[in-house]
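Once you scroll down, you'll see the structures, which are given as structure tokens.
One chain, chain A, appears in both complexes that follow, with chain B as partner in the first and chain C in the second.
Let's look at the complex of A and B:
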């Protein structure tokens, strides 16, 4: 381990460099701009010294040494470019290529292959071997992972990332020496989480994915890094898109640019579950129900009908928002509902008690944690939840932190979750009583009795926990209302940071943007409370609601009474004809996260920018749909989206020919990936309004546009008047192979789930 | 005197013209010449319409590596790749081109695609009569570009077929 307090000085190629004691030679050289090639070395994983590519000459050492396993030492004299080193690299490559097939033209890695690059740079173009290359047929290890043995160069990166990184240990080595092969530990098939990390980390094309295999080549795609549409962690996934006859087709998602807060990590959902976008079941034209049957309609017809019926309904209208739509769309939706439709009957599927969390944080003046803080924390208290299943990136961070700097994890859970293995202390409590832990920690004997833990186990746990100087508290949706208040009040005085776990990509954003009947954006109390989701559906079933507007949600999956959807005039904006959409009177086809711009907030409150990656003919983003309905209803668009002042030249975003100054700005911003292409339908301006009206959202816009996750805070919220509605919270509990409605329409995800476990219970949204 | 000199000069000039009348012609008589080429004659290296070649087994040589499309300066090659399966084997490698279009509106016949091809699948043929009244006809599909299939893949099926089948095929 590198020790930043002590430096050593060494000489590399005649240049004197300084590095922290304990740094590996390969890293020290990299920091000083000296490149040493390597295959098996991967930062963050254990050392292997298998590929022999990084051999360098070190004075006073009789033979060449591997730079990836040699720590720097005082006075070391290293040569990395001598004739001997160059020859060694050439020979290494020649041996690696001895059995490597020359199928670069068909190989998936062709064009982004480390072996190709190295051979081009260091290698000998011709081989001295005349023997026939040994060939083995390709093997399919899981629904998504293929292995092509002859391409493998045995760097063991996949074995290490699977074991150390993912704590799955599904891959291993069979045989020895020349006969060594990478193989699943369980007889020919992988028993793993299908995260696909092994594919991403493979320097060659030995491991390939079924979703991308032989489809196209890396340079043929447009790559856009955007926020994953699945769980609430908000990882960046790089979406590779090709043009197709439907507009564009997503060919792969991976983590190649490593620019997001997720760094090296991406789970199976983010990597493989994107095929719902081009699903056959996807609807791409507006539908109007006539005589009980859906009939294709134009956007103008559909929007006109919706606007007329909404106008007729007046305040007798319920609005159900989404956990998937962007912050801007959610903000616009509630603003439209409250100012134009004049109704407070607006709600969404709540998966965690964010209002109580906001109230607790603001009342105790406590700190919220960004997801980036987890890896750096010295101790983490995890109450409830199951990160390995529901928040794979959070679990990855915890495992990495334990491995790399001995982070201490304290787990309080009703079940022995997978993270128990990494936990320093584990406390199994009665299911449903997780919320009483804080009270028991403060010495409440009754709470301790509820927890069902005897003091012999409880005392050592709390003693160790109390001795931690800094703490990060992560809690799942088991904790609600008073439980959160007590937890925050207990640990806030110790300077702890808090993180509340919810379920969907923008659950936190939906809460922050005020998709509540009683709370406005930023959890400000609304003057008159509307009906909450279940009451709304009851009212609709009773026939008191004229119309119901469901934006990107599927309440019918959890609500048995079909009258709630059949009776009112139902308008649904979604990608598919879901259980809810089946009852719709008007169906408006919407685009999803990868097809629009905007921002989303992950469960830790990190605000990130969604970038438009692909496009499908016929569908529209919810933002545009809402505005079109508003316009047809005769609402003042400028009051809803105040873009008027921002398209002028001084905002630096106009592309008009008369504004030369602005065009120069545009060139500057576009060249740096900062451009926010502003049009009246661009949500960026709404982000400006959000930053002004929602406490904690006034983050650096420049950094946000540059793609950095910006933590928002809750401490400025006014806690007065935030009521707890614990009964309204229905956690989705999406495991590794489920993702609400989206997951249900992803064949790949279903195939992955089918081989590994029984299907997840439906609780979709 | 002057007159005689002029007549002599004309006679001298015309003698060459009359002499050449009995020599064989050297210009190409396209399109009124004989044979399928209609009198057009090409050098071997002439770069005409592309031909996608087949290997000895009659399988397509193209493995859809996209290198031609990458090399193309006018961006006129469009490919969609697909997997070979045991039942449907189109090329000898794992992948084949499901769609292979060349847009001759854009092609400048530079030959970079031929040079880039690692399997010698794409070559320049001698086809040159590409002109069309309709620009959309100039996007050539794989079926139009492929070399003729060998006999065992059914190129001569017509001759081997029985009489009723032959009649059906012609109808």
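Let's look at the complex of A and C:
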């Protein structure tokens, strides 16, 4: 481990460099702009010293040394580009290429292959080997993972990332010497989580994925870094897209550029489950139901019909929002509902008690944690939840922190979850009583009795926990209402940070943007509360609602009474004819996250930018659909989205020394082409409004645009009037092979779930 | 699974010798192979449980060592050395002869009656008496084809008398 307090000075290629004591030579050189090639070395994983590419000459050492395993030392004199070193690299490459098939023209990795790059640089074009290359046929190890033995250079990266990184240990090395092969754990098949990290980390094309192999060439795609559409962790994924008959087709998702919170991590869902975008079941034309059957319609017809019926419905209309549409869409939806439709009957599928969290944390002025904080935390208290299944990136961070800086994890859970293995302390409590842990920790005997834990197990746990000087508290959806209040009140005085776990890509955003009948954006109390989702559906079933508007949600999957959807005039915006959409009177085909711009907020409150990566003919983003309906209803578009910058707030200073001058922020941003503000369909205008109205969302715009996650904070929120509605929380419990509606329409994800451990039942939304 | 009493006793004794449990793996695999003739799937599963390492790890180790096998060998496993000293003194011819006589052409192949298997091995440390071969744990040195015939016949009659 590098010790930042002590530096050593060494000479590399005649240049004097300094590095922290304990730094590996290869890293010290990299920090100083000297590249030493390596295959097996991978930052963050254990050292291997297998590939011999990083050999360098070190004075006074008789033989060349591997820079990836040698720590820097005072006075060390190193040569990295001598004739001897270059010749060694060339020889290493020659041996690696001896059995390599050199099928680069058809190899998935062609063009982005480390072996190709090295050979290009050091040249080992001529080979002294005349033997026939040993060949083995390609093997399919899982629905998504293929292994092409001859291409493998035995760097062990996949073995280490699977074991150390994922804690799955599904890959190993069998036989020895040049007969060695990478072997899966089930005799030719893999029993693993299908995360695909092994494919990602493979420096050559030995491990390939069923979703990408032999489909395209790396340079034929356009790449866009955006936020993953699945769980609430908000990993950045680079979406590789190529042109197709329907507009564009997503062919690959990875994060090889290590952008975003997640560095190069992605789980199986993020990496492979994007095929729903081009699913045959996807609807790409508006549909109007005539005589009980869907008939294709134009956007103009459909929108006109919706606008007319919404006008007729007046306030007798319920709105159900989504937890995977963008913040701007959610904000616009509630603004439109409240200011144009004049209804507070708006809600969404709640998967975590964010309002109670906002109230608790704002009352105590405690700190919300960013997902970035997890890796650096010295101790983590995890109550409830199951990160390995539902928050793969959070679990990855915890495992990495335990491995790299001995982070201590305290797990309180009703089940022996997988992270128990990494936990310093584990406490199994009665299911449903997780919320009483904080009270028991404070000495409440009744709460302790509810937990079902005897003092012999409880006391050592709490004693160790109490001795932690800095703590990050992560809690699952088991904790609600008073449980969260007590948790924050107990640990906030010790300076703990808090992280609340919800289920979908933008559940937190939906809550922050006020998709509640009783709460406005920023959890401000609405004057008159509307009906919550179950009551809304009851009212609809009873026939009291004229119309129901469902935007990117599937409440019918969880609500048994079909009358709720059959009776009112039902408008559904979605990608597929879901259980809910089957009942629609008008179906409006919507784009999903990778097909639009905007922002989403992950469960920790990190605000990130969605960038449009792909497109499909016929569909529209929800933002545009909402505005088109508003326009047809005769609403003032400029009031909904102040796109011309002509609102009084933007007109500039009206008083003081700068009176009469233009809005400096607008001048600054417009001059840099950041926000043209010429179209109402530009969601950045709404983002600006959000920044002004939602406490905690006034983040650095420049950094956000540059792609950096910006933590929002709930502590500036006024906690007065935030009521707990714990009964409305319905966790989705999407495991590794489920992702609500999106997952249900992904054939790849279904195949992954079918071959591995039993997938969790597909939830709603 | 429970091993035989003798093997259990060995396990109990050996496990105290090593600071890390997994270090027991290679010697114990050899003992269990002597007991059962080869390393069985049951033994692998049981050792995985007892030593807290994955079955895959154990299979990786087995595949590394040529003296560990996961398929049965003959009752008499004839291991003929063809490394340098034996090679110079006719090791390959000895191997060919043994194969010919027993009608086992593939490496590690077994006779139909399961009596013999023939294996080409690396140095067995009997270089001073090359060419040499090892049948189970017994060494046979200064081999000639005639000597091999006699050795194999002796084993066959030994088996017939038991």
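The criterion applied here is as follows: the second predicted complex is superposed on the first by the 730 of 765 C-alpha atoms of A that agree within 3 Å, B and C clash if a C-alpha of one lies under 4 Å from a C-alpha of the other, contacts with A are read in each partner's own complex, and residues count from 1 in each chain.
Criterion: contacts are C-beta pairs under 8 Å (C-beta built on N, C-alpha and C of every residue); 3 or more make two chains touch, one makes a residue touch a chain.
Every value quoted in this text rests on a predicted model; they were computed, and no experiment measured them.
Q: After aligning the two structures on chain A, examine chain B and chain C and state clash or fit.
A: They fit: once the shared chain is superposed, the two partners occupy separate space.
Q: What is the contact status of A:189 with respect to chain B (first) and chain C (second): first, second, both, or neither?
A: neither
Q: Output check: A:733 vs chain B and chain C. Expected answer is one of first, second, both, neither. What do you get?
A: Neither partner.
Q: Once the two structures are overlaid on A, work out the angle chain B-chain A-chain C from the Cα centres, in steps of 10 degrees.
A: 80
Q: Touch test for A:175: chain B only (first), chain C only (second), both, or neither?
A: second
Q: Just chain B (first), just chain C (second), both, or neither: which does A:421 touch?
A: A:421 sits against neither chain B nor chain C.
Q: Can you give the closest approach of chain B to chain C, taken over C-alpha atoms and in whole Å, for the superposition?
A: 30
Q: State which residues of chain A lie in both footprints, the one left by chain B and the one left by chain C.
A: Touching chain B in the first complex and chain C in the second, no residue of chain A appears in both lists.
Q: Under the stated contact criterion, what part of chain C meets chain A in this complex?
A: So the residues of chain C touching chain A come out as 54-57, 59-60, 63-64.
Q: Going by the contact rule set out above, which residues of chain B touch chain A in the complex?
A: 63-67, 69-70, 79-83, 93-95, 118-119
Q: Would you pull the chain A residues touching chain B in the complex into a rising list?
A: Per the stated touch rule, the residues are 103-106, 110, 138, 213-217, 219-220.
Q: Taking the complex as given, what residues does chain A use to touch chain C?
A: 169-176, 183-185
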